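Each of the two complexes below includes chain A, the first together with chain B, the second together with chain C.
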Partner chain A sequence: MTGERDARLSRRAFLTTVGVGTIGLGLLTAGQTVDALAPLALFAPRRVGAGPQGLPVNRTAEAAAVRDLALAPDWSLEVVHQGVPSRFGLDDLRALELVEARLPIACVEGWSTEATWRGVRVRDLLALVGAPARSACRIASLEPNGPYAVTSMGAEYAADPGTLVAIELGGEPLDLDHGYPARLIAPARPGVLQTKWLRTIEVVS
Partner chain B sequence: MTESTTRPRRRAGIVDRASRRLEERAAGIRRALDSPVRTTRTAVVVGRLLGLAFAVCFATGLFSHFLQDPLPWMRFPTVPADLYRWTQGAHVVAGTMSIVLLAAKLWTVYPRLFAWPPVTSLASFLERASIGVLVASAGLQVAMGLLNTYQWYPWPFDFRTVHFALAWVVAGSLAIHVAVKLPEIRRHWRAADAEERSGAGPREDGAS
Partner chain C sequence: MSARRSHRGAVGARGGLDSPAGVGLALLGVVVLLLARRRRRRGADPERRRRASRRSRPAPLMPLMPRTPRVRRPGPLALAAAAPGRAAVIALGAAALGYGAWLVLTDLPIDLIAWLAVWLAGAIVVHDGLIAPIAQLAGVAIDRTGRGLRMPRSARLLVAGGLAVGGAWTLVAAPEIVAKARGAANPTVLAGDYAAALAWAWIAIAVAVVVGAVVLTSRARSRAAPRS
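== the complex of A and B ==
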């Protein structure tokens, strides 16, 4: 019967090892999502708080080749409704009602960080050009190439009061790598769809 | 074998001898790899945890995919604002954890690779082929997912397209695998049932 007891012991040892390995690896990774576990995030590629303005950057302005376009003094955001474009310069945006939203940047690669954004509600901009709050939009970045240079945003996001054309992050103007002069930030969306260096918001329905 | 000329008979002799030798070799490997840990019960315990991790990955992965490429009728919740943070965090954490579980599951069952004869019927061929697809696709899926979290793309194809397609291959071959093994899974689902069957007390082959 010792054979059977040994067998049971080694089974238990095996399963314990697998369990400890699995949970351990999970804990070492979860820190990139759960702030409380951040000090443990040894296995996570991103450090919480790294990057300009305390927020990590995936695609820099240099990588996206937008530096000159984004820093151009005559930059303006184009909002197109029924084929008619309206332009909003940075000063025009600042003159509108600015609201603050605490929203996460959550990357498809698993890391996420919450930040305080300030900007104009997308639905307020839509109202200014005569479009309904619940409008599906096509969002274009200054970025000339890249798989997410032009993306679609469902009407439910435009209608949400938390969806902003953000011009400030943590009380300061956006860093160039975070999308200066203006970027999109919406609740519960993947980071790749939080378009930086905004060029155009076009109402499509 | 009614027409017995010398040549086919000699050929049959060679095949027989080779087959016998391979059979002995396979049996030897299986004996060498035999371990009290490598039981059906262990495979079930590790397998269902791995299945759970894969289910979390599949569900959260589909959610992330359709957020980026919605079908025309799809609408998504904007509340809670942290929703995607949690689903995608769960996707990556569960995927990373499954590395250990996948390794443990393969270690538990890989002596069966040396079963002899390797194929006994069309059904057994299809079953083994489906396991081959499952192991290959699951290994690749987990590995490329991990590399993606490091933003390392050492391949010429689009990560998202392939990761999405492979997810369906894993899901399909896993469904076949679970369906085939369902009777065994049910017999070894609870520890007490499993012990009753694989036997506390002397094993059938008299090894204890």
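== the complex of A and C ==
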């Protein structure tokens, strides 16, 4: 009888231990995504508000070796439709209708931080070059190397009014580490595919 | 057996499992489980067991003790009827497992499935070869020391629980400490002071455990005192 009682007790103790350990660890790490828990995020790899313009960075301009290309005064975004390139300099982009979107950088590493972005809707740019809003695109960065230097973006992203070529973050020009002069920001797209230091948007369908 | 081999042939030929093959494999698994179950039941047959025990074991020390009647184990349906809540939870878990297995079999190429198996086996090896022995030794040490200090079982469990929680948190913080010491890619990566965080976590655990253990021990002693 004693053995059975002990076994029952230790199972409860086991579940309590696992519960305390798991919930405690959740509380001590979730703050890198849940703002309310940020003060508790002792074990979180990221800190809310750390980094230039209050946003963490995965790949710096330094690491991506894009500093010179991104700071070049003659930079322009190339939008290619049916093989014809159209070029938009930073001033051209500023002259278009700028819209604001509050969207997170949601990293597959597990952190996520929301920010206020301002820029030109991708679908507006597509309209300017005569491409339909629902176009699948190939997005290229100035970044010479790197696994995400060129990525694909489905037509549903391009058509979404929240998908921007962002040139401002929190009311200021983008920090170089956040993709100056222009970056992509789209709803529900993994952080690593929110291409920084944009070079080309190519319509592929 | 031949059915399974033909499945494997299909995997090799196509380099991946399409969904009908995955479902077929899952069904095969269910059939194997059912067969194993029947065999085990047959093994539990009293006549067979008696014969087996006569061969291998000496006569019972107390032959006059009434033999406990063999209780027929209720089937899964009877168990489900007796505890519908638990049955529902088990069914939900089994469904989630099945869906996960189906996704693995249909979405991953065969070489990734093989690596997945290696990874999962690695977890077992690390657990059984390293974590379990350490936990066992720690448990024995806590038990002996606790008994020496005349701590009740509840207080000894609290100490063990505290060590388990702290150990798990250490497993999370240690890689962060090492990675930060080796240098992070930029200042926003590994932005915290994880060594200090870990120290504070252990201090908090130690305070909670010591306070709890003292309370439990004094309560147990005051309960035991009037009787003696």
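Quick note on the criterion: the second predicted complex is superposed on the first by the 203 of 205 C-alpha atoms of A that agree within 3 Å, B and C clash if a C-alpha of one lies under 4 Å from a C-alpha of the other, contacts with A are read in each partner's own complex, and residues count from 1 in each chain.
In this text, a residue touches a chain if its C-beta (ideal position, glycine included) is under 8 Å from a C-beta of that chain, and two chains touch if they have at least 3 such contacts.
Remember, it's a predicted structure, so these values are computed and weren't measured experimentally.
Asker: Superposed on chain A, are chain B and chain C clashing or fitting side by side?
Answerer: Result for chain B and chain C: clash.
Asker: According to the stated criteria, A:Gly21 is in contact with first (chain B), second (chain C), both, or neither; which is it?
Answerer: both
Asker: Can A:Ala41 be said to touch chain B (first), chain C (second), both, or neither?
Answerer: Touch partner of A:Ala41: chain C, not chain B.
Asker: Thinking of the overlay built on chain A, is A:Ser112 touched by chain B (first), by chain C (second), by both, or by neither?
Answerer: A:Ser112 sits against chain B, while chain C stays out of touch.
Asker: Tell me which partner A:Asn58 touches in the superposition: chain B (first), chain C (second), both or neither.
Answerer: A:Asn58: touches chain B and chain C.
Asker: Given the touch rule stated above, what does A:Ser10 touch, chain B (first), chain C (second), both, or neither?
Answerer: both
Asker: Is A:Ala50 in contact with chain B, with chain C, with both, or with neither (first, second, both, neither)?
Answerer: After superposition on chain A, A:Ala50 lies in contact with chain C alone.
Asker: More residues of chain A are touched by which partner: chain B or chain C?
Answerer: Chain A has more residues touched by B than by the other partner.
Asker: What is the contact status of A:Leu103 with respect to chain B (first) and chain C (second): first, second, both, or neither?
Answerer: first
Asker: Of the stretches 23-31, 41-49, 131-139 or 149-157, which one in chain B hits chain C?
Answerer: Here chain B runs into chain C along 131-139, and the other listed stretches stay clear.
Asker: Identify the residues of chain A that lie in both the chain B contact region and the chain C contact region.
Answerer: Shared contact residues on chain A (touching chain B in one complex, chain C in the other): 6, 10, 21, 25, 29, 43-45, 58.
Asker: Can you list the residues on chain B that touch chain A in the complex?
Answerer: Touching chain A: residues 35-37, 39, 41-42, 45-46, 49, 64, 67-68, 70, 74-86, 88-94, 96-97, 99-101, 104, 148-151, 200-201, 207-208 of chain B.
Asker: Name, in rising order, each residue of chain C that touches chain A in their complex.
Answerer: 153-154, 157, 160-161, 164-165, 168-169, 172-173, 176, 185-192, 194, 197-198, 200-201
Asker: Show me the residue ranges of chain A that touch chain B in the complex, using the header's touch definition.
Answerer: 1, 3-4, 6-8, 10-11, 14-15, 18, 21-23, 25-26, 29-30, 32-34, 43-45, 58, 102-104, 106-110, 112, 114, 152, 154-157, 160, 162-163, 186-190, 192-193
Asker: In their complex, what parts of chain A are in touch with chain C?
Answerer: Per the touch definition, chain A meets chain C at residues 6, 9-10, 13, 16-17, 20-21, 24-25, 28-29, 41-47, 50-51, 56-60, 63, 177.
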